[in-house]
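Same chain, two partners: chain A is paired with chain B first, then with chain C.
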Partner chain A sequence: MQVDVVLFAHFSGFQPDGKGGRHARAFELAEGTTIADVIAMIGLPDEPRVIFVNSRHAPEERELRQGDRLAIFPPVAGG
Partner chain B sequence: MIAPDTLDLHPHRPDEVSVPIPDTALDPELRARLRGCTVAIIGCGGLGSNVAEMLVRSGVGRLTLVDFDVVDERNLNRQFFFRDQIGMPKVIALAENLQRIRSDVRLDLLQDRVTPENLLGVVRGACAIVEAVDDAGAKAMIVNTCLAEVPNVPLVTASGLAGYGSTNAIVTERMAENLYVVGDLTSDVRDGHPLFASRVMAAAAAQAHAVVRVLLGYPEP
Partner chain C sequence: MSTLTISREPLPEKWARYGGRALTSAIVFTEVPADTDPMGPDNKLVIAPGLLGGTSAPNGGRLSIGAKSPLTGGLKESNSGGTAAHALGKMGVAAIIIEGIPADKTVAYALRLFPDGTVDLVPRHDLKGLGTYETVAVAKGIEAAEHRYSEKVSFIVNGPAGEMGMKSAGIAITDPHGYPNRFAGRGGLGAVMGTKGIKLIAIFEEGLKGKGHADKDAFIAAVRKFSGALTTHAVTSQALPTFGTNVLANIINEAGGYPTRNFSSGQFEGVDGISGETMREITLERGGNVKHGCHAGCVIQCSRYYVDKDGHYMTKGPEYESAWSLGADCGISDMDTVAALDRKCGDIGIDTIEAGVMIAVYMASGKIAFGDGAAAMTVLDEIGRGTDLGKVFGDGAEATGLHFGVKNIPVVKHQGLPAYDPRPIQGIGVTYATSTQGADHTAGYTITSNVLAVGGTVDPLKPEGQAALSQGLQIATAMLDSLGFCIFVAFAVLDMPEAFEAIHEMAAAHTGDEWDADALMQLGKETLTYERLFNEHAGFTNADDRLPKFFLEEPLAPHDAVFTVTDEELDSVHSFVPEVAAQLGIK
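Let's turn to the complex of A and B:
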């Protein structure tokens, strides 16, 4: 199945093509792949993150589906 | 702890003479819409105290203010407090200052840290939520919890406002259906960037304006 993955801010440097940028990349994933699997696959650091699928919050254990758009955003400190 | 909905420091009294903010340009219907709204502001530091001031001046009728901390001398370079308020709980000091701007604003105060357990009680009934805490983990918790539990309530968060980079880098982005992110997304106070009043307030103004636009029916930033 194909899933679009968007990584914001410094997470974008973890896109597999190494080119950074916040545009979506198409990932070819096996059925049953979870968000946590994708995070492990691309090696995101263990930092606070906001995760949404198709513009709605999703827990890391959620299984992705064909055509999903996964976005991960790392908030930074300061306020 | 001061629980929201149990302490309304300054309830609106119909017989009280209140001086409305002069604003002849705003349509009475839109003014009434703002007056009828409650906005929950989580964190009353550099972002939250200034967001609260701007929303009160804009005519929002009711605010829920949440912060565990007390006013410190080091806050005065960017937060909406004064020297004679040092040592006061921030929510109390802020309520005092907001009342000086508009006597009819309704304020519900909680002097506590926001946790996954108390967050939903804090945002109950809010027309919009402002995330204005400083810790990245707390920001993520607030955003993830609100998106999961109250997905229909617009949430304005901030990320990336430290340092002396250009304010032109601070943008408002609609990152998901009801999630607005203000900031440059990258400048982290943990990297040693100082917090300047001018840049923090630029982010606070963008947050406040995103709230006003959403409340007036303009969902795009």
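Let's turn to the complex of A and C:
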């Protein structure tokens, strides 16, 4: 299945194609892959993060589905 | 200003524990008739550093400016960074109260406070009508010629919009480099300053030392504890200093709560162009500064300067709210365009939030197109020139929307909504609706738990728990505003118990009074009680604590959400007011 992965702030340097940036990448994943699996795959640092699947907050144990958009942020705030 | 005289009075004992917002709100409540014309002689402009202003409390240099608001018609506290608060604190000034109106409306005065405690009021009629940047440049020149000027001066400046009495006019405060780029922006307090004939306030602090403490060792220990928390929490130690407040653009957009084209969508396809990440990349490429504090003692350092293609200073790095209002809400995705609009707002002295929301409302009328940055600039030019149309624009989003017959005008208590749509982020809708300040995100920043997973989590799309979340944050914010803290300390305070402890330890060690967690919350409640009662006296009822109907009726993409918190829950937010009013002996 295909899932779009997009990383923000200082996580954007962890995209596996090495190009960095915040443009979504299409990942080819096996059925049953969880968010935690993707995090391990791309080697994000072990620190808190805020995760959205299709614009809704999602826990790391969530299994991804074909066509999902997975967005991962480090802790951010402002205003 | 009616008699052009200056007098000094001791801080009443009953307000000894107040500073910042608590003090400005208590003074306005007590001394300004709630039904008075905000542009008339009975309104007062009150300027106060926080209780810890003038000390080394980390991020403790915020300034409160209060008055009856010409925009909302209620009690306003507009809060700003910049160097003025610490300067006033070091001088031992609890508050400046500017009252009356000069007989001659053509005048412009400078109020000057000197390190030896002397204060004078001098005519500066040549400054009348000048933009904030030119005002500061000319004022520096005059003071240098009189050998008064040094780098250790803070200016509080009114722009031409305020002098012309426009309801979106803010008051500029200079930053550590002397740029008038920090703003007490909201609520039209520049218009009040304009009625007083005060063009600028200069605070000279050469040679002044920080305030002493009742228990210096305990104060220093608490400062270290607080500073340690701020430099440890991921938000205050990494995200904010690296990307500034505009790091929020992408996450609020991802959550579907990034108001786009006058609140008609929750996601903006051009967000990347105006995001904090892009702003940082552009600024680094051009050799600009990407990390500094807006006042001494800031350990978060979220400020930055935006520079033009030649590397010259344009404006402060537009904050998240400004980049959103002048960007996404207007359908504009170009950072240079947003920065130029931000600079223009700063120079004519108007609130960037109200300005962007107003331009977006004007765009919704069809008179100009969404995305047209040049047309947006002509709107700001009209304000600066004070044309008839400019006066409509300068009075803000509601005035403009009514004038041009726009259906969806995003305001509460006549003040434009900030950068979070209350349909997919319902907690912030409670704050917008119920805040004494009108639509104001900073009054109770529920984005923390609703979106950012700071201080726990509350599902942003559901109504449950939002009223309690907003109430707690409104009380805590009023407390932080009164002590003089930047509200960004809350990100650490909400997650780290030791940071909260350090706050009452600093207050206790500084003042010698007893402070604990309950006392801090009581300070917040008392502050809100003055504001709430003033607003009631001014004619506000629960019916004013509501969002515009379209937020309840028109679903917002991508979540197809509407605001569903009930009126009963909204009305529960100020449930503590009668009890606290009785404790204070006020009605």
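As a working rule, the second predicted complex is superposed on the first by the 75 of 79 C-alpha atoms of A that agree within 3 Å, B and C clash if a C-alpha of one lies under 4 Å from a C-alpha of the other, contacts with A are read in each partner's own complex, and residues count from 1 in each chain.
Operating definition for what follows: contacts are C-beta pairs under 8 Å (C-beta built on N, C-alpha and C of every residue); 3 or more make two chains touch, one makes a residue touch a chain.
Small disclaimer: the values here were computed from a predicted structure and weren't measured.
In the superposition on chain A, A:Gly78 makes contact with both chain B and chain C. In the superposition on chain A, A:Leu29 makes contact with neither chain B nor chain C.
In the superposition on chain A, A:His10 contacts both chain B and chain C. Once the two complexes are overlaid on chain A, the chain A residues touched by chain B in the first and by chain C in the second are 8-10, 47-48, 50, 52, 55-57, 71, 73-79. On chain A, the positions that touch chain B within their shared complex are 8-10, 47-52, 55-57, 59, 71, 73-79. Against chain C, in their complex, chain A makes its touches with residues 8-10, 12, 22, 47-48, 50, 52, 55-57, 71, 73-79.
Per the touch definition, chain B reaches chain A in the complex via residues 43, 45-48, 132-137, 139-141, 143-144, 147-148, 151, 157-162, 175-177, 179, 181, 183, 185-190, 193, 195, 200. Chain contact summary for the complex, chain C toward chain A: residues 233-235, 238-240, 242-248, 250-251, 254-256, 267, 272, 275-277, 302, 319-321, 418-419, 441-442, 445, 447-448, 451-454, 457, 459, 461, 488, 491, 558-559.
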